[in-house]
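Each chain gets a letter, A, B, C and D, in the order it is written, and its residues are counted from 1.
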């Protein structure tokens, strides 16, 4: 059994990671840290874990973490970067589910995240953990930056189009909608059910932190910068992201076939039959990304619909997928359950 | 008191129309027809009306309807066109909340609605009842085609941009999201709470009936055809439409000012301060359309956010607004309540 | 125009009170205080008020409040009692929507609310503002204690049975369910949509602050103490309370007739026809309490179903009803709208 | 691999059964029948099964079903009883998830279900499949009547109290709340999201089909008839049942200890620590029943809170548990996942 630790396990990403790890045959969570909840049974905070996990939250302890084969950070942005160098030095592999190592350009990162980076020297070494782009690099990585939820849905939806250059690299639009769990488990007025329920709105239209991350991914695929507008919205539901992507077709091609071929060997990307409309609930609780491609009325505008569970393929599930790759396990180990519907 | 009738009052549009008319000081609903519910107290079907309305549903009776000053059709598409000629002939004015008279080109209508039009000769005479475009015509109209819900939100959001020619007329995108009440009160599996709850999806991406209606409106504003992609989505909530509109800026202009000036005299269109993100709940139960304009990172892409209550400004409220105009009443009579929040 | 003030208008009760007062023809809100939001436009905090109200929150100022004819307290428990004596001394009438003056026995109050009462000498003078029990006293009151939401639904449901002595006064059960808005607008983890959505639970079974209030009401009606079990539950929705009440029939009587007669003259209590099941949505946004009475299979157990909108008849609407009585206005002035459905 | 069949797999019970069976290491679904959907891929109807199941719905075929080791009926009431005799005769074991074999008294069954029973001679042989009451009988059963959702939650909550005779057997109250999935996947107006969303109501207070089933269970436990009032309510959410149970304490006893001891060996009944309030979401997607016991203010009224997922322990999960017992497999095989939260 591989011993894994979780730093900062009191949020939705933390509990989802625990749910998945407890169903994983090859690893065992041995330490879960939380400064605020140290000493409390994890199952007290997350009632779904009662009967499945006897661990209590503990104060972060470097020695104990170094005793793990792999450590997940499910902390707020800016925490992992302070602890990761020491862990790597001790030979412990790390997957950061926050944003500390996602952006290669430290100036861009510091601008969007509003803080000084603590270990910019690790940014080169960190592998961006989207296996569908970077599988080989992840397999050999010591440090994986687990992608953001929006960037996962958007990148997977645009990837075949951008890589093949079949759409214009200007005027890309990602109109994205996320359930409230994407905002985390911190107390806040806008996420109260009385505020977020039975309503819908866009937010952060002037600029959202996932924008530079998406741009970076697409620029890698395009081998040049792309121009993208990203508009996130808040859905009155708990789990799920739906990305509706728009691009201008640059040349004629069977896009359905393009997508099917591109993802033919990907276990977690499911290209739906032509004419489909994926529902977020069809991937609730599982690590799949489902994609449909449309070209309405045969016009120039390509529309891609891409759905994930923001807490699974958008966070904890993708982290487990990366862990499997890093540990040389079967990529889908612990990730083969059927989605919960209804 | 002006006497009004409603044909087909068993859907959500019907009950909302009754709610608004019962709070209106100048009119009185005197007949509500329904073939399926004839003889049943209206308040039995719609418990919110109990204590406010003593009428029962009656079989449609032309004589009785002709006795009304104005008749609303809240019927499925294809019903009004069979009865309207006779009503107009008798001098009764008509507002059709369905789609029978919305499209000027009968061939286009017949293609999208899949039936033969019963009175194409009336299409010219019918006034498209978006007061913010056609106020004067509505005032003198005998027959008003009340706009669709999506077309209302989208048209009001694009109108200043298109009319002024400040955006490209190609590549327009309307990414729209609607609550389930937009699908009506008919029993159907996809609208069950077990199906539509806690999930989100696009639908009708290849083509939706509101597309030709929106295109027609924008072409009128542009004085030439426009190229538009329209993607509707279903929200897991009851009321509200959010349209997220994208266009390419053609020339520099203070868009905030453009919108504020364009709608300066419009009581039901509220241009929010720069940087705003309207919530659908802020217009729940009221006839307002709220709009915010963004140009993220100063790029070429203009983003307009437009919200309405699909049952009010998107249906029954707009019908009352049109009625007020047709009857020479104050435009906002009966439409000045405060939205219900939370 | 009567000038009214609101102390503490940043919660759901505050915004609902403003919504109702803005639709009331006889009064005008002239001051709304908030220590935390002083200086901010009220319509900034509550977007539904935009275009309807130009007031800003102000620091509480005794002189300004004394200039009002009537002041509402929509503050947390324990605030009103510190300011009310001074207001009453100046001749300003007061309606407290919090709990400071609801319990006549100061020892009971101090035990359940965990603080010392600041003006126990006013408890006798304060009128418990349930008009259906205390209409005359409210009409002459200087200080009204507006009832709690659960106590309103439960008391109105039990009242005819208890007053007439047709049920046992032991073993009464009130199984109550409330939407999340009952918990207020304060940031808290349990009220996040991610926590309260798609789930249901009881809470405070060992004891809830509304228990002594309900007991007090029923004891008044019974002219002796009653024995009651009260179990509140949290519903995954925003507005509405449903009380399911159980009692043992003590003697044979036509209970339907009993209720209909008891509430025959009450405008805001609607006894439904025999066999009915009231829905919370049928009273959403309005001041009605709807009640149905059952005696399943002709057994000994009487079941009363009672629904209200917790923010209207359970808070702000009842406060307006009390205000109308205190000011000698028509009791239903400003409270006659139709409920919002769907 | 044990070969199992499902008759009538187009409802929520059917898809949930498939989800659980696909994660079960010891069985394989080989036939799924549906008259209405015959020929269609099951994964077309239930998108969560895409990639996990290649079966299509087939016309019910007795020979094919007899080729299964065990057949589940997930059909409407009244279907299984017409096919079961032939299956049993062929040696195929049967679990009926509908109500055909739940009630021992055929007259009672025919009264509540409004039809003639097709094989009353099998009622004696049928085992009521609540393992916590009838484990041994289930192990040897050829025909299991899988319990109703409400009866499961209510019976498990009352069982220790009734069996030990520590509460009065008169005046029992079961105030139950269910998510909409309990009403099935058939198109109906009351289950539309526009009707059932954001609202709450009781239903069937005069009498619900689960009442005689609960009474039968409790009478078995009490060894005499009990008197019970059962009031079901509809929750605005998808999954979950919460039963709030009331009884009069007959004699002093440590109820917490009673429950803990009673269920000490039960893997799927979890007695929470004293003072707890179980949430329905804590058992979402899993086969657990969680129970808390209260005696508020030390009074005579005992309050038991009992939660299950209506589609799992209330239907498909319990059916799998019964199947495991019938097949001699480990009782919790395929049923050990962690609940999905949030």
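By our rule, a contact is a pair of C-beta atoms (placed from the backbone, for glycine too) under 8 Å apart; a residue touches a chain by one contact, two chains touch by 3 or more.
Bear in mind that the values here come from a model prediction, so they are computed numbers and not experimental data.
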From chain B, the most remote chain by mean C-alpha position: D
Computed distance of Cα centres, chain D from chain C, in Å: 39
Intercentroid distance (Cα basis), chain D paired with chain B, Å: 45
Two or more partner chains touched - positions in chain B: 12, 181, 185, 194-195, 197-198, 236-239, 278-279, 281, 284, 342
Pairwise touch network: line, ring, star, complete, or other: complete
Chain D partner contacts - residues on chain C that touch it in the complex: 170-171, 173, 175, 177, 194-195, 197-203, 205-207, 227, 229-231, 233, 235-240, 242, 244, 246, 248, 275, 277-281, 284, 294, 296-297, 299-301, 303, 305, 307, 342
Complex contact set, residues of chain C against chain A: 12, 180-181, 183, 185-189, 191-198, 236-238
Chain D - residues contacting chain A, complex: 12, 15, 18-19, 22-23, 46-52, 181, 185, 198, 238-239, 270, 278-279, 281-282, 284-286, 288, 337-342
